[in-house]
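The two complexes that follow have chain A in common; it is paired with chain B in the first and with chain C in the second.
Showing the complex of A and B:
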């Protein structure tokens, strides 16, 4: 037996949520599918594999003011930005929810990032289990799964005429009233089967492959467009700049990518990571070696977005396979 | 006192601005809030971010020592956008300060040892708190040898203090430049060759070096030739950084962050890093 919500009740409930908080859901924007704030349930897309951009932009926007500088009568005051309104994100996939949990490691580690923490505290996640997989999906190889309930407040799984609803946290209980749920004799459809990527022991193999010419060769075709970092749910590197083009000064944080040529360049000109190969190696080493060493978990959740987005077909799944082989060679 | 929002600077006032070289100024800062100022403690080797509001913020090694309670000093070389903006400021200007960040030189471990300070250019600045501390607590430490090198005589930082340093007990000051001028009577030599010439003894000693990467590279070679073990050679790394908290992921070297695991590393630690900076 499962807790069940009919499609019609789901729509009604989502409509109610919009009245009391921001509701963010997958919507069509031109030919992209993006998490956007919705005002009408008709705008929500229910039938999708995954969104073009990850939901990280709701916790860590591509560009976000950290504080404002007010200067009046010779006095300076700093006004920190604050997140006022509660938000519910509908339609987050289990892999992306895990990605947000991965970002918690660096951002919430003491001293916690104030804005990120507010975004996280004020946002509830209504997950949608995956019924089908994209060809690029490999979450099952990265410690996650199409029906993984671990990192959402509510997980919905589509069945005939409605959804199985798993209310998993107190936040979820507050969000979804019991009276909308019925008990029904339905069972969850089987999770889609994904192709496996050999991620076991990859951190150690990455260490062994660190000085291989593999990275320079691979990077030959990289055009450092940074799209891999932008679509990635777990890429979190940032830049901070001041802007004065509006009425007051703002200090703004924005996404940055370790693939950018100036990522590590110092004001004096010295750049310890000046080659494309060293920068490409940095991205994969961060996810598959440094992050596991720092936090005990892989820094990739297998959503496959970078594979889909890369204009020159740099494919993390192939890299993992190749590095496993390079490791074998180094041991010999 | 820990700030609630670690990316929000403390408002501070530029008290004094002293020209150290044609492109380096010493900024003496005072945190505006008396409570924060009182509890603002730091150690030699740590750094702060200084904001020029409207332009940005950058990290700078602290050159003062907390125990003297005489304000927070940073020596800033005019080289990029933020440092150019900071150099334009006048005393009385409001700036932002975040920090202190990073680890520090473990001076307690150096007690009783001979200390060799080897700094090049603006890289000498974060080494000054070690000198001040050793001279303020002179009996706690062994011999102090200071090698300060720069491109030219006018680029040597902290010149007004040279006489006092040289006159201190158990202290030797060696100044060297890449190219002298008509008034210069001192050494014209690269820092690594001065290190070699002085035949510094590794016996009960610690060598602390900071400067341009190429200088550190060759200084290291000379120190090893003299018999220094890698755990007797200390340096500071620098990296582009935006937060100081290990979050922006700009200054990582392998799984270490220069901002929080460093900036002070022994050569032994550096040789264990995956990536070479």
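Showing the complex of A and C:
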């Protein structure tokens, strides 16, 4: 037996949520699918594989004011930015929810990022289990799965005429009133089967591959745009600049990427990652070696967005396979 | 259409004879359907090369990373114009490049295979099915198509009111994530330091927000006026589907009408914005 919510009740409930908080859900924008604040349930897309951009922009926006410094009557005052309204994200996939949990490691480690923490605290995640998958999905190889309930407050799994509802946290209980749920004799549909990527032991293999010419050859075709970093749920590099006005300074952070030429250029001009190969190696080393070393978990959750969006088919699944083989070839 | 065999045998010959150290061409991508760029250094690897109607990329941007090295490159007609542009602007040396030109009937839409036949929009108004320059030609030179209206998309925009156009572009630019893929893939964008990355003084703010996105996209378009060779790469790579070619083609049309000039048709005609003729009036009343 499972707890069940009918499609009609779900729509009613989502409508109610819009009244009391921001409701963010997958919506069609042009021919893209993006997490946007919705004001009408009709704008929510229920039938999709995954969104073009990850939901990280709702925790770590592409640009965000950190604080203002204002001068008034000879006094200087620092006014930190604050998140006022509660938000619920509907339709987040288990992989992306895991991605958000991954971001907690760097952002919430002491000293915690105050703004990110507020976004996390004030946002509830209503997950949708995956019934189908994109050809590029490989979450099952990265410690997650299409029906993984681990990182959401509520997980909904679509069945005939409605959804199986798993209310998993206190935040979830506050959000979804019991009276909307019934008990039904329905079972969860099978999870889609994804292609396997050989991620076991990849951290050590990445360490061994550090000096391989492999990276320079891969960089031949990389155009060093920032697409992979920006569509990625777990890339979190940023730049910070001050916008100064007469009596006010605004400090803003915006997404940045280790793939940008000049990302690591230091005062004086030295750039420790001046070659394209070293920049490309950095991105994959961060996901597959440095992040696991520092936080104990892989820094990629297998959503496949970078594979879909890369204009020149830099494919992390292929890179993992190739790096696993690098040592084997040289030993042979 | 499949020219893979012809390209492989030419590539093998160029590498084995030592004419070039590297062939820049295409291979099959990991999805088994579309193509991706390939750099071949060893004759034993030439069998990975392919050429069919999935080969969308303009590979000429990569020549800028190999300025002093003898390189062979596979180009479609639109891509070949970029080589003329880069020679004209003194960015590459003609004698370092061996050009394998391919007669092109058009490239299929993203994600479609070689047999689907459904062409990209940019290919529907293409007037150049044979490369404008090459050392070796693959395929039979075709008579160039008669395209009565090369700019139907631009005319469509021009018919709208200024207010409608502004609303359209504001909406488009609001989606921009400033990933700079348009710039990175563009053969005409080769500044060592792009204006958008100038930090001191900061020309454009780092905010990924409508106002700054608009400055970024419009200034980039102006920098390409009279220089864009209409390969449509910027639009193809844009992850949020901004119709960047529409901007570039509008400026291309203006330059064509004012100066009777199209970028990259040859490598010698002075570029309109690199030359100054004091007799030019451009229809501005005195």
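The definition used in the following text is that the second predicted complex is superposed on the first by the 322 of 332 C-alpha atoms of A that agree within 3 Å, B and C clash if a C-alpha of one lies under 4 Å from a C-alpha of the other, contacts with A are read in each partner's own complex, and residues count from 1 in each chain.
We take it that a residue touches a chain if its C-beta (ideal position, glycine included) is under 8 Å from a C-beta of that chain, and two chains touch if they have at least 3 such contacts.
Model, not experiment: these values are computed from the prediction.
In this overlay on chain A, chain B fits alongside chain C without clashing.
After overlaying the two complexes on the shared chain, residue contacts for A:241 are found with chain B and with chain C alike. In the superposition on chain A, A:39 makes contact with neither chain B nor chain C. When the two complexes are overlaid on their common chain A, residue A:121 makes contact with neither chain B nor chain C. Once the two complexes are laid over each other on the shared chain, residue contacts for A:161 go to neither chain B nor chain C. Shared-chain residue A:29: touches chain C; no touch with chain B.
Seen from the CA centre of chain A, chain B and chain C lie at an angle of 90° in the overlaid model, rounded to the nearest 10. With both structures placed on the common chain, the touch criterion links A:200 to neither chain B nor chain C.
With both structures placed on the common chain, the touch criterion links A:252 to chain C but leaves chain B unconnected.
Closest approach of chain B to chain C, taken over C-alpha atoms in the A-based superposition, is 5 Å. Annotation: chain A residues 239, 241, 256 touch chain B in one complex and chain C in the other. Of all residues in chain A, those touching chain B in their complex are 66-67, 69, 71, 76-78, 80, 106-107, 109, 111, 113-115, 207, 210, 236-242, 244, 249, 251, 253, 256, 258, 263-268, 270, 272-273, 278, 282, 285-286, 289-290, 293-294.
Considering their complex, residues 29-32, 52-53, 62-63, 135, 217, 220-221, 223-227, 229-231, 239, 241, 243, 252, 254-257, 260, 262, 276, 307, 309, 311-313, 315, 317-318 of chain A touch chain C. The part of chain C that touches chain A in the complex is made up of residues 29-31, 34, 36-39, 57, 61-62, 65, 175, 177-181, 183-185, 193, 197, 202, 205-209, 236-237, 239-241. Those residues of chain B that touch chain A in the complex are listed here as 2-9, 11, 51, 53-58, 79-83, 94, 96, 212-213, 238-240, 242-243, 245-255, 274-277.
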